[in-house]
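To start, the structure under review is shown below, and the notes come after it.
Chains here go by letter, A, B, C, D and E, matching the order in which they are written, and residues are numbered from 1 within each.
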Amino acid sequence: MLALSITNGLVIGIIYALTALGVSLVVGIMNVINFAHGEFYILAGYFSFLFAHTLGLDPMVAMVLSVGAVFVFGVVVEYTLIRPTYGDELYSLILTFILSIVLQSAYLLIFGPYPNKPPNWVKGATDLFGLFMYGNQRLAALFAGIAVIALFFAMLKLTWFGRMIRAASQDREMAELNGINTRRLNMLSFGLGCALAAAAGVILSPVFPVTPTAGVPVALTAFVCVVLGGMGSMWGCVVGGLILGLVENLGAAYVSTGYKHVFMFVILILVLLVRPSGLFGRSET
Amino acid sequence: MKTKWLLLFVGLAGFAVLPWGLGVYHQHILIVSLFYVMMAASWNLLAGYTGQVSFGHAAFAGIGAYASGILAAKAGINPWLGVAAGTLLAAIFGFLVGVLCLKLGGIYLSLTTLAFSEILHIVINNEYEITRGTMGLQVPGLLSEYSKLGYFYIFLCAALLTLLVVHRLIHANMGLNFRAVQNDERAAASLGVDVVRVRVLAFTVSSALAGMAGALYGHYLLLITPHIPSLDQQFLVLSMTVIGGLGSFVGPIIGAFCLEILSEYIRVYGEYHVLAFGVVALIVARFAPKGLVGISKSVWERRRQAALPAVPVTDNGKGGARRGVT
Amino acid sequence: QAADTVKIGVVGPRTGGAAATGKAFEEGIQLATTYVNANGGVLGKDLEVVFEDTAGAPDKAASGFERLVTRDGVAMVLGESHSSAALAEIEVANRLKVPFVVVEAWADPITAKNYRYVFRAGPSNSGVVNDTIAKWVVHEGFKKAYIVAENTDWGLGIAELSKAALKSAGVPYESLVTERKSQDHYTELAKIKAFDPDVVLAFVYGTGLHYFVAQAGEIGLTPKAVVLDGAGPPSLWPDFWTNVGDYGNLECFVSSMHEKVELTPLATAFREAYVEAFGHAPTDYKSRSIYDAILIAADAINRAGTTDAEKVVDALESTELLVTRGTARFGTEKGGPEYHHWMPPMLVIQWQDKEQVVLYPPEAATGKLKR
Amino acid sequence: MLKISGVDVYRGETQVLWDIGLEIEAGERVAVLGSNGAGKSSLMAAITGILAPRRGAIDFRGQSLVGFKPYQITQLGIALVPEGRRVYKDMTVRENLEMGAFPKRGRPMLKRSMDRVLTLFPKLQERRQQHAGTLSGGEQQMLAIGRALMSLPDLLLIDELSLGLAPRVTKEIYAALEKLGGETTVLLVEQNVELALKHSERAYIVESGRIPRTGASGDLMDDPDIRRAYLGL
Amino acid sequence: MALLEGRGVSKRFGGVQALEDVNFEVEAGSIVGLIGPNGAGKTTLFNIVAGAFPPSAGSVHFENTPITGMSAFRICRQGIARTFQVTRPFGEMTCLENVAVAVVNRNQGCPRHKWENLAREYLDAVGLAMLADTAAKHLNVVQKKRLEIARSLATEPKLLMLDEVLGGLNTQEIQEAIGFIRQLRDDRGLTVFWIEHVMGAIMQATEKVIVLDQGRILKEGAPADVVADARVIHAYLGD
């Protein structure tokens, strides 16, 4: 049981991290907390469901398309809603909070209350180390998650776009002086943030089918990861994600299944008490 | 000045006799509206006047409701005492949460309050023996026998009390401190403003008011459920304040009545009504961040601007900045 | 007033987590009104049903119920599928003195409170557990049982009843509570597997059940052990199979409806009308439950000859009506949950290669338990 | 090369520059002097498009810059070494320099200009892989200048070159600038009037947002008023 | 006897050693100048005295009682007021309200009409009376600096710390300002601790000048001696 809890903790943790990265990215560059992050995750789930089932596309194609679609949607949202809020983090928080409710009720109207589940990529389960059976789809999700995260970090480190993002997140005005169109960059990185949520969505929706309101806990966990890891610290939120995954599962295994989801909040509050800037956050004066 | 007070008084009197002419159904709407007035006004005290967006306001209402309800239902305490206790407990929790994260400010407060309300939810669901979980806790009423009119006047008084407290706070010297802190903490501190105290105070008071509102509401519905401290409620309160006018005294009042009545009328469209709500809130928040009040103000302003010539603000003859005609 | 229709109210969730039920209700309402009005209507007038969404939230339910009475002036109210909402509504019904026939809310207190105006034409937790589930467990001779309950009033309540029943039946068991919102049950399932039961009584409503069944399959708890869906409908929802895949095979569930087993001719009529109207076989049996309730209500008002609450209640108490699920007859001895309660027969059904096979009660059985 | 006339600049609602006029010929080295808050940085901000002038004209090689965004102006060949260095603290020295070469005009030449800068400031050569945040003030200033040079600018603006630098370091950097020779035109903002006049051909004096005086650096150096107002002698 | 005294004050920001073992004294009733090149640590020193952040090492004493690491508002209530180099007005509030914040925190629970009058007096003193009801964000830089002085006076301090209040004034305005500050000292018995780059003013107004350079005290003494000092000329004035 311990082995399974830990394995499962890591798998869930990676997914948490993947979702949180999007939030962290947007906070870092635009100092905007996207409250509707979870709804973008859900949207991707719905898209890949639609593309795969309704349009009958190949699951992989459907997933790529969905991420693309959500990216575009994110860009539009940034352009119409977020742009006027720059510099006023609470204003953007309020706007995105309302947006999340709007999206939820829109989903309910369009897709109904039932969960929608895109097709599995793989069937069945594998016996891990002769200790326990583990769902193949989950293992697949784990690898996909790691892949996307690795890709993201590589992009940050190696490409011009990555450097642009890092530069802008440290000093917008200077970046502008170095010839970066920060408005466009904002738009793109907000889109990218949503795309990361979408990636998490398409990867996970075969395991956890999406429902209109399922985005709330997703976003919540992402926020906790970000605060835990330190606002804007990419590595921080990966570590944060893994910690949450483990804490949750071990807690459920050995303390209480009913209070499973309280553990992460407890951790959060403890961290805020001892190290407000988060595990990897730089505390600014 | 005189006329203003007169108008206020007449308006109040008119409102106070209004329910006599209405059926129970419309009385119900009025009572619920008054509940939201309390919620929105107290949330506005926080978000509008000290710039702290709390997502836990509904949760504090929940604390008040459950504390009072449990005392009444399980320990047979008189509901009125229960309400007092609920208010107090909400204040205490508000104080604790405040102290925990107000030093962090901004986003951290929002997220921590969000976490807080989630925890509360899970606890309510799990401590089913005490809270009756989603089934809801049956609680006694405030009146010996049920009367909508009675409740209307209770809520009216409570709402007036809430508004009075808020008004005192923002117009007394403390109001200056609130706005100073919202404008620039460091400068405020350098002028002798105890920033943390000011914030914690605002947070505690507003939580207490929410607690009172929640407790009364529970004893009106005779049933306390996790819906009182839910994010949906939080959303309602937030949109009411935003649509009415964040940071203005009358804004939340207007917002609360408009949206509650509106929601009663579009309820027939079932699922659509939350959506409609959200869209309205979104549009207002995006295009008129100061809400209905802001809109009317700016219209009024423009009239005045047109009337008298803009006065140039002179500065020791250097022909410096002109007052920005915004 | 000279209204040309007789109004009846129906309360149920049309939004929120269990909006599916509301949909089923609306289907049932449509069929029932057609049927009633085709057979002479009510008091010579047409029957009109007003639906009020409760979103499964007790406070919404209470005010919605009140709205039906104060705004729409309905003669009586039927429906509800959330015990929490129903418990709020019966208080209002009692206060406003309006006859209220609960349909799919199972909590015992609803009728155990012995309110004069409150009836139940549908299962109750104790009914389902004692008459059906517990008996079935014994009947199949299971050695060890595990009880999983979602942390809601219904889940925790019915779990308690099951523990009591299993104890008295001498079947060893363990139990755990699961977070209702949680989609991931691996850790819980690991605990269960460690106990190695041969039957799992899952009191998890909605898609929570789908996740549970699917993941139970993944970690290899099933098919060694059998999972019983203690609620029923989720196993019949259209997306059951997309969500659980092959792991749905051999899953058991309680239900009051079966595509083959039809206890009365009216049931057949209902199915035909349903297929006629919606182009596919009935999915959620709750459409048929509300159908029955409306027939019962119409019959009561007609026998009372008026919409006056007192007379209607008396009429309801003397109900003796053949509906789709058998003959409706309300208990009248005060004291327990049987008061004003008609418990329609429930079946235990198992999915065998996507075929519904009735396992229990023996007289209705169409096959044997597969494992 | 650069021609500014009748420019008014505001920061938010407050005006910080009044009716500024200024001209620079290619290859020139011009200083801007003035007390704190006089408006020097604001002038830089106006040229680089960070602050859009509300009135007046700014022409660069006969092309008007009004309405251009900073990133566009950089593409045209104006680079700013901002007040307080503003290096990217969490990026390595190399990455900082690469960012400097981001504008299209710089990118193709990246390798070449990288070598040029590293030979100009040997200190940076040693610190290539170090995070800029850990550099000393002087090294950061060098990095900032190097980063600006990476975009191969025709006009280099330097704000507060000696800000918080030890005199010795200041000397090194000025020496390096001399090495640049005539190929880059330089507009230099200095707190240290002495230095500024020494290292420039002409100078403008900014006083509470206006330009009351301008002239050849030599003359200004000898001007009694200037000596009193700025050197306190 | 020294009103304000710092012993071995040091401050590090990450890599930057902003202040290193600074010892200084500000005598009651005197005007003391603090000069030095940009980044020398002047403002940092002010921030530490005013309690914006604690020093990394060392201690600060006011009227012989330690105030090291006290929170800003307490220090203010002890009688130390400061202005900010880059002005920080409460933009959304009127000038009157800006000053009123200081007034009501000095005289707790003082009624509206009373603090309004007090606030007006202070605005009048700095010549902003006619802008009393203008939102502070509409002021220009010079006016903002005056508003800051009015605000800090309204806290009724014993020690007034000015950070480059002359920035942006022309020569004649500078003379007025110097007169004004002198008066504060003579009439109200204020002690003034004053950061300024305008040497002329420092020369005229102060009895003592402290020169900071790269976080250390380079020289301390009468203005005349200081500007004559070779190192000062080299590090700050330029040779």
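Assume contacts are C-beta pairs under 8 Å (C-beta built on N, C-alpha and C of every residue); 3 or more make two chains touch, one makes a residue touch a chain.
Model, not experiment: these values are computed from the prediction.
Asker: Looking at the contacts, which chains touch chain C and chain E alike?
Answerer: Common contact partners of chain C and chain E, which must touch each of the two, are B.
Asker: Which number of steps is the smallest that gets you from chain A over to chain B via touching chains?
Answerer: Counted as steps through touching chains, the separation is 1.
Asker: In whole angstrom, what separates the CA-based centres of chain B and chain C?
Answerer: The separation of the two C-alpha centroids amounts to 40 Å.
Asker: Roughly how far is chain D from chain E, going centre to centre by Cα mean, in whole Å?
Answerer: Centre-to-centre distance between chain D and chain E: 30 Å.
Asker: So the centre of each chain is just the mean of its C-alpha atoms; given that, what is the distance between chain A and chain E in Å?
Answerer: For chain A versus chain E, the centre distance works out to 48 Å.
Asker: By residue number and range, which residues of chain A touch two or more other chains?
Answerer: Within chain A, the residues that touch at least two other chains are 108, 258-259, 261.
Asker: Taking each residue of chain E in turn, which ones touch at least two of the other chains?
Answerer: 138-140, 142
Asker: Which residues does chain C have that touch at least 2 chains other than itself?
Answerer: Residues 15, 19, 151, 177, 179 of chain C each touch two or more of the other chains.
Asker: Quick check on the complex: what are the chain A residues that touch chain D?
Answerer: These residues of chain A touch chain D: 160, 163-164, 166-167, 170-171, 173-182.
Asker: Provide the residue numbers of chain E that touch chain D in the complex, in ascending order.
Answerer: 14-16, 37-40, 85, 137-142, 144, 164, 166-171, 197-200, 202-203, 214, 227, 234-235, 237-239
Asker: Can you list the residues on chain D that touch chain A in the complex?
Answerer: Touching chain A: residues 48, 50, 69-71, 74-75, 79-80, 82, 86, 88-91, 95, 98-100, 102-104, 147, 151 of chain D.
Asker: Spell out the part of chain A that touches chain C in their complex, as residue ranges.
Answerer: These residues of chain A touch chain C: 1, 4-5, 8, 12, 108, 112-117, 120, 123-125, 132-135, 138, 208-209, 211, 213-214, 217, 249, 252-253, 257-261.
Asker: Okay, in this complex, where on chain B does chain C touch?
Answerer: 23-25, 28, 32, 122, 125-126, 128, 132-136, 138, 146, 221-223, 225, 227-228, 267, 270-271, 274
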